[in-house]
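Sharing a structure below in structure tokens format, with a few things to ask.
Should a chain be cited, it is by its letter among A, B, C, D and E, assigned in written order, with residues numbered from 1 in that chain.
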């Protein structure tokens, strides 16, 4: 038989003024399983808690009900008290007779009656409570960062700084990401490479950091504290340990017609290449799609010229398996494909470029050595039109519904830099709104308008028509002046929307981390847990979570590192014991529960069951990983057979509460 | 009608621990009154509420059942209330289809900061159910005597 | 049917299958039983496919596909959706099944047909659009289409779900002018009082024999919640109106989004309760609120109740919607 | 009195026999025995709201003061029963079944009781009946085995009373060696063979199916006939009055025609138990 | 023998219904169900009702008693419903026989008071089957659908109905109604016609040969059971529509203000029917399926002087979702010989 103790708190007069606490204790004391019922002025006081502890020992209580303030207030207090007296803390239930009774009712009779019902409800529930023990799981003290852009680099450096091992997986031959392609940064106009490359070097030199460049995550298993990750190291046909990065091979390679992706195809590179001068690791890579030796076995020049004998045409993809306690997603972004925006003639004219292409055209390490020449005929452009929001804030399927956030500022930067370097150039910017929230941002924009006389036109460009001489006729409208504009431009620059990298979707699937409809990773809480994924042990850094500029990215990267460090310093993780549990005798293995689990806590296993006729039947059953489950209970309702239940909030318990309330 | 004047409905409110339950607490802290006919059951998330609980409440004599959860997008567990929303929409639609008064069931999104909304919602719901009178169409006669 | 027999024999002969589940003649002229044939000879002798083969074979495959060897099965379009859905739910081991998609032009409601004849029937000849019925007091003729099963009269598709290994005959098309939601819509347009009276009238006939549950391919639980004493509801005969409602609401809810609308529940109900109207209500709601969805049609698509979008309608949509008040 | 309406009884004493067996003493609220019974009969005990189940009456009809049930914890109702405290009211209906033929076939016979684990419960009432009517029976041998010493039900009564009754020989055995045990160790079927009982004895046997199976084979090897051996069955009895349709083995209803069967009778029945 | 014109049936039923509760076969959603007689009820006597008449004596659900539990004390309250006299009209010969089958169970010691009370309050007006169907095989069990029995026998002959009292109770009942004498010849003609049809029924040659008490050993281990039961869904339809199936369960329901103990129909086809904490004697559908038919054809006759507990009403033939039935079982088991 259950032996329940009931304790009714006066909370000074907070409860006692409206609820007849004596009567509540007396009435509840008559409930069948209640062996002691008392009321006291302040149950949460030391004296009150001692009263509870003494009763637990004296009456050998199997359950405890405290009628007091909200469980959000003192549930932890009473659980601790129970535990210290030897009663499992999860055998404690609170009846909320303050916030949800005495404070909202005036009539003593009514409030007292309600307090009794709430007390009975708690008694009904506590009788069905089972002792729960919080489980523990160890933590592997190593973090994985997926993506080696500025976000990944910063997170890795911060984690390594705290003394933990970090691995960076980067799918390109070098780390650096988008920031490495950028010329100058707003609003300070300092050189991106100058601030990025030292960090890249730091990564390479930090003995806690391992860089897996030209690599991809192939498979992930496990859970917070205990991930196991398989990393695919793509064959680069150059031995990283031998290559000195001298670059001789890249000069001698006869295959010269390979579009240079670092310069966005604006110029060419060789089949063996180092993406850019400051690449980390500074190692050559053979592009198997273009290398004659790899394609038809005819060439072998690079092997001949390589003094370090680093070339290996027979190299194969290899796999590394590594354990991690935490995984950081820093998969970054790409500009969207704007081929669908036919009205801007992007695919018809070389002189219509994206902002990132302009970035390369203006970069000293770019195709024109830093001189702004238009692609078609390498002439100095005299009139440049910038079009904002190409694919951002878009309500059709060609673009994105969200604001890409960075375009207003980088366009101001571009306009300003062009006007600074080539004052004779006319610069027009067509915009919907100019958005400049950020430190020194609006000042920066105003400088572009006021100091550099950039023509900002509120309005849209309707059509860009290429002419035979390479010039472009831009048909636009000025909404403020209310007139139509026709501009004969030398170049048009499109501020293409940014979107999460295409690889993010498959990574999210592997990590069972949730994404929004735009493929940005969802954070555990939009305000309070912005750098964590709802999936425990998965952290978010940079644009993979949503559009950001560099300072924000770095801030988030560091915040993310802080969260990772907070996890890795723990030796063991305590798990919430109120987790889902599947009764495998009832489970059908239908996968409904898995589909609604936001944490990927449910997996399936083929298990043998003994049948009444003594044979064994194999059945697929759900298994809940208690370390990952957060106890929301979504699976319990998705389960048609009722096999899935939630400890601490079991079907039976909630039904008993319903019954007690409705009685 | 004199009968209705005396009729006090039994209302079961399932409240998400992270939002509406806290919202109810806030209503209390601010001393915002609503009828004592409402009794709250704390659940970890609105997605924990099984349709069977709702039918059970009606079986046992409840006259109205209300489910309160976090505003869409604000679920502590990211997606729970979205699932709850679909489940309850379909369940309520089915109850209505069977001719059971649809006003006896409701879903409201109440955040931890919306104490006033919680109280107002409960006042309104109790009012609605009181006007409907006792639940007859989904009662279990065995529980009545 | 000859084509099916040929195919079956071929599957036995080339070792594709070691048994085939199919229909065979039963005791009465219109009875068709389900049998697992273990050899080509008995298959050739006893297999039948005609206007009376309404039963859905999919559910048997849960048990059969767990056994050793490979079983062959003939699937009508509506059965194929149940089959595909059960594969999706990992209930059928596809690798142990060889599924042949077969055509169906509607099956006969043998009970209604028999009841339309006052005298004892001893033979029925299926002449396509006409059925010649020999009774103890002479022959009568019935129009086949007047005695179709409800599920066939309101057929939704003649096209099979993906997942069959081969197709005999031409693959059909979806039925454009499908009328399956007509009665649901009619009910929706009634007042709540009328609806309540309608359903009380129907559900009060329920004897809780569990035929609907046991035949339903979606009700494939190892252990039904209603067989769990903790469910708080009688496992057997419904004690009162609440239990009748509760059982059918929960059952419909549990199969919502998984029900392929195969119509077996209504076919087998000994009390003629139109149970399909409950399932179709969910299907109609899902289609209207969350987009067209046919369970079993797409192996990768999420079921509506294990899915969501941020823009989903609020439950209050129920208060605003149709029907008289 | 309606057969299906039970009477209220009070549990006046609960005693723990083994870690999972408790013995409950049952009286009517005015302190009487609820009804008269024959050794080997059963009664339907119930906790309203939890359920009903059939249990062997463990006490002997010769005990005029009270009725006892030894019950092993193995399901929902028994778990509840194990939680009750003295003073708790239950309901009972019965007695059900045929019981052992103590006044006919067994009279004057040398008796051999063989029991395993909780299987002693139904035999205990016969043993005590025979002890109380000592003159009516020949020698009484009792072979009783359990998993361990702690699992021997009624150990105190066996030691204090049975062993001190003239003409009663008790042979105890446990499955595995134990420090606190200096008696016989081994399984019941083997022990029976070792003891090599006189084949003129009449056997009353109860225990787990596997014990019954091997002991029966052993007894037959020793020369016992089916007609000499009685056992008592434990099948799902629900109504107790042969109507609900559950407990039949072939045409025989355990609750009405049983639960006591002679093995030659069982042989006639299909093997569905 | 009394006789009335067909058109007068309505007023006759109204007269009966005015004095007592009256149940008549009536149309309901394409079924014929026994329905309380009231104005507007569409009486349909064309064939045997879809659900058997056992419900009148052994209802789907009935209260046994209620317990009030307070702390450690328990009170038992007998809260069964009080029965009043009632008349069931239009019961066929097979169902009448089924009452005998049920009587043997419920009225044997210890007598089931709930059942007996209902029996005592009932008056059965039977109806000869003018048009037995292909599912009918009552003749197999020696039942004559042309002589249905009960308290009062009725015949539909041409344009009139004829009534004959069988029991004293029936005599008194008919006397009350003050009907006109006559109809004897018409009844004989009607019987002759029925017998003519009976001979032509597809199941008319089915006999009970090979079944009956003492056949357990012959039939129990027949290998045919596996194939026969293979497609059985384990639903309880056959048992619930069967006039002689009487398995029941006793369950408790916590109403919140007392525990209601009730009895409800159960089915030996359900997989948890014989499940208990100690084990499951009928673990697969094979055993459960076999139990049902062995009970009807062997065990019951063995315990009841050769009376079979099947009356050939044919409802299981009509209702089984997968077309399994007792006829098929009987024929299949016999093939072996």
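Some notes on this structure:
As a working rule, a contact is a pair of C-beta atoms (placed from the backbone, for glycine too) under 8 Å apart; a residue touches a chain by one contact, two chains touch by 3 or more.
Bear in mind that the values here come from a model prediction, so they are computed numbers and not experimental data.
Taking the definition of touch as given, a chain qualifies here only if it contacts subunit B and subunit E alike; those chains are A, C. Chain pair with the larger contact count among A-C and A-D is A-C, by C-beta pairs in contact. Distance between chain centres (mean CA atoms), subunit B to subunit D: 54 Å. A separation of 40 Å divides the Cα centre of subunit D from that of subunit E. Between subunit A and subunit E, the centres computed from C-alpha atoms are 68 Å apart. In whole angstrom, the spacing between the mean C-alpha positions of subunit B and subunit C is 36. Residue positions 72, 249, 251, 253-254, 256-257, 266 of subunit E are each in touch with at least two other chains. Residues of subunit C found to touch two or more other chains are 225, 231-232, 239-240, 305-307, 309-310. Contact with two or more other chains is made by residues 51-52, 56, 60-61, 73, 79, 83, 87, 140, 142 of subunit B.
The set of touching chain pairs reads A-B, A-C, A-D, A-E, B-C, B-E, C-E, D-E, using the touch definition from the header. On the subunit B side of its complex with subunit A, the touching residues are 10, 12, 17, 21-22, 24-29, 31-34, 36, 39-45, 47-53, 56-57, 60-62, 73-74, 76-80, 83, 87, 119. Considering their complex, residues 64-65, 67, 69, 72-76, 78, 105-106, 108, 110-114, 213, 216-217, 220-221, 246-252, 254, 259, 261, 263, 266, 268, 273-278, 281-282, 287, 291, 294-295, 298-300, 302-303 of subunit E touch subunit D.
Residues 2-8, 48-52, 74-76, 78, 85, 87-91, 234-236, 238-239, 241-251, 268-270, 272-273 of subunit D are the ones that touch subunit E when the two sit in their complex. By the touch criterion stated above, subunit B contacts subunit C in their complex at residues 51-52, 55-56, 58-59, 72-73, 79, 82-83, 85-103, 106-107, 137-142. Interface residues of subunit A facing subunit B in the complex, by the touch rule stated above, are 70-72, 96, 98-101, 103-107, 110-111, 113-114, 117-118, 121, 514, 522, 524-526, 534, 578, 596, 598, 630-634, 636-638, 646, 649, 651, 654-655, 657-659, 661-663.
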